[in-house]
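The structures considered in this document are given below.
Below, chain A partners chain B and then partners chain C, in two separate complexes.
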Partner chain A sequence: MRTVLARELYEYFRSPTAYVVGAIYLLLAGYFFTTHLSAYHLISFRSFSSLGPPGDLRISLGILRPFFENLSFLGLLVVPFLTMRTIAEEKRSRSVELLFSFPVSARAVLHGKFLAAWIFLAVITAPTLFLLIALGTLAPADPGVVLCGYLGLLAVGGAYVGIGILISCLTSSSLVAAVATFGVLLLVWTIGWSSAIAGPTWGPLLQSISFLDRYTGLAQGRLAWGDLAFFVVTGILALSWADCVVHSTRWRVDR
Partner chain B sequence: MTPLVRAMLLSIAGIALVAFLDRSGGVLDLTRESAHTLSVGSERVVQALPEPVDVIAFYRPDDPRTSRIERLLQKYADASPSFRYRIIDPDLSPGEAARYDVTVYGTIVLESGPRRRTVPSRSENAITTALLLLFDDRPRTVRVDESYGGRGVSNTADDGLSIAAEAMRTSGFRVEPFLMAASPQVPVDTDVLVIAGPRIPIPRPAQDSLESYVRAGGRLLLLFDPETNGETVAFVRRFGIDAGAGVVVDPGAALYGGDMQTPVVASYDLHDATRGLAGASVFPRARALSLFERGRGADEVRSLITTGDDAWAESDVALLMKSGKAVFSEAADVKGPLALAMSASVASESGKRGRVIVFGDSDWVSNRYFAQGAHAKLLLNAVKYLGWEGAALGLALGETTSEPLLLSRPQGRFFFWFGSAVLPGIWAALGFLFVSRWRRNG
Partner chain C sequence: MIEVRQVNRSFGAIPAVRDLTFTIPAGEIAVFLGPNGAGKSTTLRMLIGFLPPSSGEIEINGSRVRTNHTQESALLGYMPERIPLYDEMRVRDYLRFVSAMKGIAPGARDGAILSVTKRCGATEVLGRRIANLSRGYRQRVGLSQALLGDPPVLVLDEPTGGLDPEQAVEFRDIIRSLRGKHTVLLSTHLLDEAARLADRILILHEGRLCANDTVDNLAGRAGNASSLSIVARGLTPVDLAAIESIAGVRSVRIDREGEQVFFTVETIESADPGAEIARWIVNRGGELIRLAREAPSLESIYLALTAGRGAGRDEENPPAADAVH
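Let's look at the complex of A and B:
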């Protein structure tokens, strides 16, 4: 697995596409952060201008929560680019037989590719911490909320990457893999929006599988073990079903 | 084991694990101010619910208050599996709204078997109070004596109690004005009698009547200022509490921008009436209280609020008023720490203990100061300690402080350029360097 991981990481950091994707990810993250910071500033200013107490102004809710939710949404845009080539490209170029002929199991190959994409996602997310450090010079950003937000981002990122790899196993076209991954991730991210019209039986179920609903608590410092486990389990299940798909298509060359 | 069997077994185990963790409700609140955790008192109430309670909040999804109320209800649900809630859009479910007689957006209804109660407002205090009243709906009556120049509940001026009265009503109390001078006997259905800032002497017969009321299990909250005469001091001595002369001065904890006569208290003594209380309180022109004589008048006398060691009771009030300055005099002044509030407890024949809480200041409950710091929590805690038994003791309100943030123009520009150009620019530049080097090296 280490060989696959090293090879995949090398490919990511050697590719200009990854840096372009990373730069756009950071640009959007920074822009959204500044937008929320400006909005918070304006609300604070109005609260001072009006009579009465300033109301429920909290940095963890007004700045940190939307910041982390935006990062989780941006991950949804970036991950398809990271995972689209993982298996689909190998299938298209017919190098998949060669890959699975290496003296490693199919599962180890998948795990290596998963870890590489996950680590790359974490690496491009890490510079966003500088925004919060800069914020800390103006007002103390709650370290518990920051820790919980990034922990949740790691978990939700793992689920994204797992789903992306599973979809990449199902097609030999990178473009189809990217579009399908984006579609599926967008669906599971927003599926909770339908809960209001889904009725009392299906509504809670849709909310329980909604990435956004699950992540909202983590983005504001509320670490529910069920939410964290949901993302971890989703990532693990996606990988195990990807392993199943790989075996069922009989790509693997017996050693 | 084949990958298919492994994937299926993992799916079953994974779904079961998530379902189990969701149901068990394990939550860690990582926020600095425990924003996702109920106050001590609310937690105690919700965990002691005798039966499961269903909470139905009628909110539209596009209502900005919806996410806020959902966060609050989730705190209760995290604290106890007996608390279940759902948010219903009354426009989509008019039948449900009609079933609960809901005509206004933002209505919250509590239901447990045949019991049903509507929450009057959306605060934690209101919901916890409604939970208490759901299973014990005997109305609690607070009577505020307005004889002898005391502050009035319908007085909306700066020195009135109208805001404090409204806060008590929201907490489930029936608040009524009372004239002790016209009716010396305290009505038997009075759960708490409040006397705030009397300016003329309380006559002896009224004092006797008040003492009888407390010794029969009554509850009295007395707030009086340094200007109050000796008659009132003599009255509190009946319960083992003494009130010193002079005004409390605390240079080490004076209000920023205020004078030395405005001590600020940020921590409270260990007492059921102050348990779980957080936030500062301000006591403009307060008098110091102390134990009058141990074992006399009351079984138990305890302090609720104490100043720091640097405080003293300034005896030269005239100079203090004139110059605003004070210098500690070993001979004339009393050195801190000084009690600003004390409680006394007495046994009664009925078995219900009589309780008295005395504050050496009444300004802090007036309309002018009531919205400051922890004043609302402090008053409601004191009234609930006096008026409720059991689960509601120490009921603190889970409110968080506001954190406004103002940016200067350079700061705003810095964040814009740092977030939108510098960070992605550095990343792109690093990428250009690495990729070109790798390509050069083949």
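Let's look at the complex of A and C:
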């Protein structure tokens, strides 16, 4: 697994696509942060100068929560680009045949690819910490909230990457893998929005599997182990499913 | 040693390999020969454990091959057709990656890489990016990765495919040098290549094994039917019917006609109508310049063994239901 991990990391860190994706991710993260900071500044100014209604001026609610929610949404946009090639490209180029002829299990290959994508996602997310350090020079941000937000980001990122790799196993086209991964992630992100019209039986169920609903608590510093476990289990299930897909593909592979 | 026992493999309702049984002794170079669609690649994929057989057993050096089983993979070096390498990597980095995947100890990797690239003539491209390699060097790197870890069994799928004649000759020399040290099973549809490389030839047609023997024994099995190559002068026009009426002649074919006539006479098994044909030429006032018996070629053996078995299916275009997606 370490060998696959090292090769995949090598691939990410030398790929211009990964750097472009990382740069856009950080630019958008900075843009959203600045927007929320400006909005918070405006609200707090109006509140103190009695120009508007008094609001909840906690930084964790006004800045950190939207910041982390936006980061997790941005993850939804970048992960399809990170995972689209993982297996689909190996299938397209038929290197998957050679890869599985080595004395390494399919599971080890999948885990190596998962870890590499996850680590790369963490690496491109890490510079966003500087935004919070800069914020700390203006107003103290609760370190617990920050820690909880990043822990949640790691967990939700793992679930995204697991789903992305699963979908990459289902096709030999990187483009199809990217589009399908984005579609599925967007669906699981927003599925809770349908809870109001889904009725009393299905509504809570939809909310319980909604990534947005699960992540909101973590984004505002409420460490809910159930939510963390949900993302971890989702990632594990997706990877296990990917392992099954790889095996079944080998049963059905074209001649 | 490779042992295949009653192996069948179907894709949906379509059988690709049927009741395949053969043994390749250690150290031999065996060549899988057959047209596209014969089941060569499917069999090789089953041998490396990528595809499981629908039924039957495959053993490599006594270990049964199963998919996703790492123990047997260590016994095998595999070079697929149209060798898929990671183009963005440098050759040395790629071979280090393969060494690690094959479990070679970190301290021994560079030595192993140097050893296999020397054998394959790829040392000079170790520092180059794979994307920039010529087809010939790609094949050499492909064979180098298969040889890493010194596996006792090598499976090579169309190893000289796409190479120019000079590169193909060099590559065959490399493969020939593996004889005795490795058991090699390679597939090809080039009869000439099979004749040059093989200790043993396995002819596959529509998923069935038609023959498994040495080239000499195959020639014997094809019967004593052979042909006479004749060059004569002063015979124009050639009376084909008259030659065909000579005892022992099966058919006559004019290869070239001019001042001299070149023709080939296919003879019936165990017959030798050469003397009679020579007499006939002289009696007609012609001049016999050359009369030689041609031994049966691998091509004629192959055609004899696969004759009447129907046209092969296109291996590269399986039914849509079988495709991966």
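One rule holds for everything that comes next: the second predicted complex is superposed on the first by the 245 of 255 C-alpha atoms of A that agree within 3 Å, B and C clash if a C-alpha of one lies under 4 Å from a C-alpha of the other, contacts with A are read in each partner's own complex, and residues count from 1 in each chain.
Note that in this section contacts are C-beta pairs under 8 Å (C-beta built on N, C-alpha and C of every residue); 3 or more make two chains touch, one makes a residue touch a chain.
Treat the numbers as computed from the prediction; the structure is a model and nothing was measured.
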Problem set entry | Overlay on chain A: chain C relative to chain B, clash or fit | fit
For this session: Please determine whether it is chain B or chain C that touches the greater number of chain A residues.
Result: B
For this session: Kindly classify A:Lys91 by the partners it touches after superposition: chain B alone (first), chain C alone (second), both, or neither?
Result: second
For this session: Please work out whether A:Ala134 is in contact with chain B alone, chain C alone, both, or neither, and reply first, second, both or neither.
Result: first
For this session: After the superposition, just quote the angle formed at chain A by chain B and chain C, using C-alpha centres and rounding to the nearest 10°.
Result: 160
For this session: Have a look at where A:His247 lands relative to chain B and chain C in the superposition and call it first, second, both or neither.
Result: both
Exercise. Is A:Phe230 contacted by the first partner chain B, the second partner chain C, both or neither?
Worked result: first
For this session: Pick one for A:Arg14: touches chain B only (first), chain C only (second), both, or neither.
Result: both
Exercise. Who does A:Cys148 touch here: chain B (first), chain C (second), both, or neither?
Worked result: first
Exercise. In the superposed arrangement, does A:Ser38 touch chain B (first), chain C (second), both or neither?
Worked result: first
Seminar exercise, completed: In the overlay, chain B and chain C get no closer at Cα level (Å) than 6
For this session: Share the list of chain A residues that count as touching for chain B in one structure and for chain C in the other.
Result: 14-15, 247
Exercise. If you look only at chain B, which of its residues touch chain A in the complex?
Worked result: 2-4, 6-7, 10-11, 14-15, 17-18, 21-33, 35-36, 61, 68, 74, 86, 89, 92, 371, 400, 402-407, 411-412, 414-416, 418-421, 423-428, 430-432, 434-435, 438
Seminar exercise, completed: Residue positions on chain A within touch of chain B in the complex are 13-16, 18-20, 22-27, 29-31, 33-34, 37-38, 40-41, 44-45, 47-48, 52-61, 63, 107, 124, 127-128, 130-131, 134-135, 138-139, 142-145, 147-148, 196-197, 200, 208, 217, 220-226, 229-230, 233-234, 236-237, 240-241, 243-244, 246-248
Problem set entry | chain C to chain A touching residues, read off their complex | 11, 16, 41-42, 45, 48-52, 67-68, 70-71, 73-74, 76, 78, 80, 82-86, 88-89, 93, 97-98, 100-103, 145, 315, 318, 322-325
Seminar exercise, completed: Counting only contacts in the complex, chain A reaches chain C at residues 2-4, 6-7, 10-11, 14-15, 91, 93-95, 97-106, 170-172, 247, 249-255
